[in-house]
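Shared between the two complexes below is subunit A, which has subunit B as its partner in the first and subunit C in the second.
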Partner chain A sequence: MDWSPFILTFKLACITTLLLGLISIPVAYWLAYGKSKFRTITEAILGMPLVLPPTVIGFYLLLAFGNQSLLGGWLNNTLGLHLAFSFSGLVIGSMIYSFPFMVYPLVSGFRNIPLSFRESGRVLGKSELNIFYHIILPNSKQALLTAAILSFAHTIGEFGVVLMIGGNIPNETRVASIAIYDYVESLNYSMANRYSLFLLGVTFFILLSVYFVNRKRNG
Partner chain B sequence: MVRLNIKRELHASSGPFQLVIDLSFEKGSFTSITGPSGSGKTSLLRMISGLMRPDDGSILYDGEVWFDKHDRIDVSTKKRKVGFLFQDYALFPNMTVLQNLKYAAGKENEEFIDELVEVMDIEGFLEKNPNLLSGGQQQRVALARALVRKPKLLLLDEPLSALDAYNREKIQFYLKKAYKKYNLTVLMVTHNAPEIIRLSDVVIKLENGKIAKQGTIRDFFYKAEDNNNYLNAEVIKKHITDKQYCLTLLIGDQIIEVKVSDTEFQNVEEAAKVKIQVNEKLEFKTVY
Partner chain C sequence: MKRVFIFCLVFVGLISCNSKKNSPLRIAAAANLRYALDELVDTFEISSGVPCEVVISSSGKLTAQIESGAPFDIFLSADMAYPNYLYEKGIVKSKPEKYATGALVLWGGVNRISGLNDLLKEEYQPIAIANPETAPYGKAAFEVLKSLNSEEYWVGKLVYGESISQVNQFLISGAVSVGFTSKSVIFSDSALLKSSWISIPDSLYSKVDQGFVILNKRPDQKENADIFGEFLLSKQAKDILRRYGYTTEM
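Entry: the complex of A and B
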C-alpha cells in the first residue's frame, strides 16, 4: 500500500489547521468584539464556503492562481510561486475552504466569555492584548479545540477544492480522497476500500481521543 | 473630593431616559447609591470607572480630570486606578485564587498580597479554583483582588446581593474593615437598607436617572416623614403581670413584652397592628 497520499493528507491538514488558527484568532476576536460596520459583511463572506459547492471555490482559485491571472502572474513573476497544481496552492485553497470551520467556533467561544471578565481586566489596569492572552484565550480552550478539530477533519475530507486546484500529482497534490477517487475510477475497488477504511479508522480515532481528553478535562 | 457632572442617555425596560447627575463626595467617604432597577445606578459606576462614556459633562477625582467632554479628555479605565467589585465576582476561572491576586497586583503590588490575604481571611483557599468556592468566599477574593492595586476609588455594584444573610453580614464586616484600614473612598450600589445603614456615611437615591433624595444616614432614614422611626408590631397577647399592664408583641420575627399604661392597655385589642416607639431610656411606648 502506498502511504504517500495519507502522509500528504495529514501534512496538509496539520499545516492548514496551524496557519488557519494563527489567522483566525485575530479575525475571530475582531468579529466577536469589534464595532466596525464591516463585521456583518465579513462574516457573510467568510461563511460562503459553507454553502458554495467546493468545485466553485476550486474553480475560481484555479483561475486566480493561474499564470494568466493578475495575482497568479504576479506571484509567479515576483515571488516565483506556482500555486496552481502545487502543495502550496492546496494549503491556501484548504485554508479558504475551512475558514468558517475555524472562525465560527472561535467567535462563538469569545462571545461566551462574560463581559465582566474583560471589564475586570481593564479595571485591573491590563491592556487589551494582555486581557486577550491571559483571560480570553485560556477561557476559550473548548472553542479552540472544537475549531481545530473541525478544521483538521474538514481538510482531511476535502475533495472538490483539492481536485480543482491540485489535480492528481503523486507526492505533491494526490491526497487520500483523490487517491480513493482515482482507484474507484480505475475500478480498483479493493485498494479504494483499504484506503477508505484506513482513513475512516484514523479520523475516528483522532476525533474520539480528542473528545475523550476534552471530556476528562471538563470532569 | 470626587466631582461628577454627567449626562448620558440610557435605555431601561420602560424606555429611554436621561441620566443627569451633579454630585460631589468627599475622599474617604462611604457613599451608597440606591433606587429602583433601571434608574442608572450601575451605569453611573461604569462611567466613573471609564467602562462607559458619558454623552456630556465631566468627572474629576481630587482635581485630576478623568473625563471632560468639552476639553476632550477621556482617561482610559486602566489609568483611572479604580477598584470595581462586580455583582458576579468576575474571578478568572483559568487561574487559582492566588494567581487571580498576582495577575491583578502585577510586579509593583505583589508584596501587598500577603497583607490582603490576611485581612480578607482567604489564606485557606489560595490554591483553589475560584469556581470551587462558596459565594461569600468568592466575594472576599474578589474584594481582595479589587484592593490589591491600591485603588483611589472602590466601586461596588450590588456586591452582596447574591449572598445569603450570614455571608452578607460577614462580607459587610470585611468591607468595613478594609474601608477603615486603607482609608478608601467607596461608592456602593445596593438595595439593602441595613447594609446602607451599617456601612455608609451618605446615601443617594436615584430615580429615572435623577437624584431623587440624598443625605446622611440620619437625614435619609430617621428624619423622614415616613414614620421610619417607628417599629410595626402586632399585639399577640394582653396580660397583667405583677400588677403591671403588659403587651406581648411580635416585631418582625421577634417576640417582646412591653409594659404599658392603663389607657394604652385599654385602647388596644389582641391581634391589632400597632406602631411602637423607643425613647431615650430604651422604653417602648405604643403609638396607636
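Entry: the complex of A and C
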C-alpha cells in the first residue's frame, strides 16, 4: 500500500490548521471585540465557503492561480510561484475553504468570556495585548481546540477544491481523498476500500483522543 | 501557551523539510488508457530506466489543466481534437501524433443483449454513455444511437457519465443495465466487465483516433518525454496497445 497520499493529507491538514490559526486569531479578535461597522459584512464574506460548492471555489482559484490570469501570471513571472497544481496552492485553497471552521468557534469563544475578566485586567493596568495573551487566550482553550480540530478534520475531508486546483499529481497534490476517487474511477474497489477504511480509522482515533483529553481536562 | 507555540514552530519546520528527489516523467492520460498504460509504463521504465508517474482524468479536464499550466510532460488524449486544440492555441510547440485508434463496445451486464436493436426495447433503457460534448467515446456512442433512431427518440432515455470511468461505474454498480464503453475497459481487473459485451461495427461511428502531444512544461523532462513519445510509436508499444483492444498502424 502506498502511504504517500496519507502523509500528504496530514501534512496539508497540519500546515493549513497552523497557518489558519495564526491568521484567524487576530481576525476573530477583531470580529468579537471590534467596533467597526464592516464586521457584519466581513463575517458574511468569511462564511461563504460554507455555502458555496467546493467546485465553485476550486474553479475560481484555478482561474486566479492559472498562468493566464493576472494574478497567476504575475506570481509566476515575478516570484516564480506556481500555485495551480502545487502543494502551496493546495494550502491556500484549503485555508480559504476551512476559514469559517476556524474563525467561527474562535469568535464565539472570545465573545463568551465575561467582560469582567477583561475589565479587571484593564483596572490592573495591563495593555490590551497583555490582556489578550494572559487572559483571553488561556480562557479560550476550549474554543481554540474546537476550531483547530474542525479545520483539521475539514481539510482531511476536502475533495472538490483539491480536485480542481490540484491535478492529482503523486507526492504533490494527490491527497487521500483524491487517491480514493482515483481507485474508484479505475474500478479498483478493493484498494479504494482499504484506503477509505484506514482514513476512517485514523480520523476516528484522532477525534476520539482529542475529545477524551478534553473531557478529562474538564473533569 | 508558549510551549504550544514552540511545538507548532518546530512541527512546521519538521514537515516542511522536504528534499525534492529526482522528479519522474509525468504522463497525463485519458481515462480509457488506464489499463493499457500500466503495462506500457512498466515496459518503458524497464527498457529506458526513466521513472514515470501517471495522472489519469478525462481528456477535456486534462486539457483545461494543461491550459492553466499543469506541470505534465506528455499528454495522451482520447482523441486528436484536444491535442490539436492545444497545438493550435500555441500552448504546446510540438505537433500532436496519433498512437492508437480505440474501439467502442456495448456492454450488456446481466441482461445479455443479442444485438444493437435491443437498445430500442424499453427493458434495456436507460442507456449509459459518456458525455458526448466532452468525451470522445461518448460522441462515438451517440453516433451509434443516432444510426438506430432519431436524436429526439433518445431524449430522456440516456444517462450521461462525465467520462468512460463513470459509465463503467454505472455499469458495475448495476445502476444501468447497458452502456457504451471503450473496448480497453474489458481488460480491467473487474471480472464483471470482462463478460457480456458486443463489439460495434466501426462503420456506425467515426474512428476514435487517439493522439499524444509533448508539452515541454518542465524543460528538464523534455528529453524523457521525447523518448516516451518514440516508445509509443514503437512496435513494442503497439503490440501492447493491440492486446488491450486498440488498433494501431503497422
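Convention: the second predicted complex is superposed on the first by the 219 of 219 C-alpha atoms of A that agree within 3 Å, B and C clash if a C-alpha of one lies under 4 Å from a C-alpha of the other, contacts with A are read in each partner's own complex, and residues count from 1 in each chain.
In this text, a residue touches a chain if its C-beta (ideal position, glycine included) is under 8 Å from a C-beta of that chain, and two chains touch if they have at least 3 such contacts.
Only a predicted model underlies this, so the values are computations on that prediction, with no experimental measurement involved.
*Asks:* More residues of subunit A in touch with subunit C or with subunit B?
*Replies:* C
*Asks:* First (subunit B), second (subunit C), both or neither: which does A:127 touch?
*Replies:* In the superposed model, A:127 contacts subunit B only, not subunit C.
*Asks:* Quick check on the superposed pair: does A:187 touch subunit B, subunit C, both, or neither? Answer first, second, both or neither.
*Replies:* In the superposition, A:187 touches subunit C alone.
*Asks:* Just to be sure I read the superposition right, which of the two partners does A:11 touch: subunit B = first, subunit C = second, or both, or neither?
*Replies:* second
*Asks:* Using the touch definition from the top, say if A:117 reaches subunit B (first), subunit C (second), both or neither.
*Replies:* The answer is first: A:117 touches subunit B but not subunit C.
*Asks:* According to the stated criteria, A:72 is in contact with first (subunit B), second (subunit C), both, or neither; which is it?
*Replies:* second
*Asks:* A:138 contacts which: subunit B (first), subunit C (second), both, neither?
*Replies:* both
*Asks:* Which subunit A residues come up in both lists, the one for subunit B and the one for subunit C?
*Replies:* 138
*Asks:* Show which residues of subunit A lie in contact with subunit C when the two form their complex.
*Replies:* Going through subunit A, the ones touching subunit C are 11, 14-15, 18, 62-63, 65-68, 72, 76, 82, 84-86, 133, 137-138, 167-171, 182, 184-188.
*Asks:* Tell me, which parts of subunit A touch subunit B in their complex?
*Replies:* Listed in rising order, the residues are 114, 116-117, 119-120, 122-127, 134-135, 138-139.
*Asks:* Of all residues in subunit C, which touch subunit A in the complex?
*Replies:* Going through subunit C, the ones touching subunit A are 1, 8, 11-12, 15-16, 26, 31, 34, 53, 55-57, 65, 67-71, 165-166, 168-169, 172, 188-190, 193.
*Asks:* Name, in rising order, each residue of subunit B that touches subunit A in their complex.
*Replies:* Against subunit A, subunit B makes touches at 49-51, 76-79, 81-84, 86-88, 90, 92-94, 103-104, 106, 145-146, 149.
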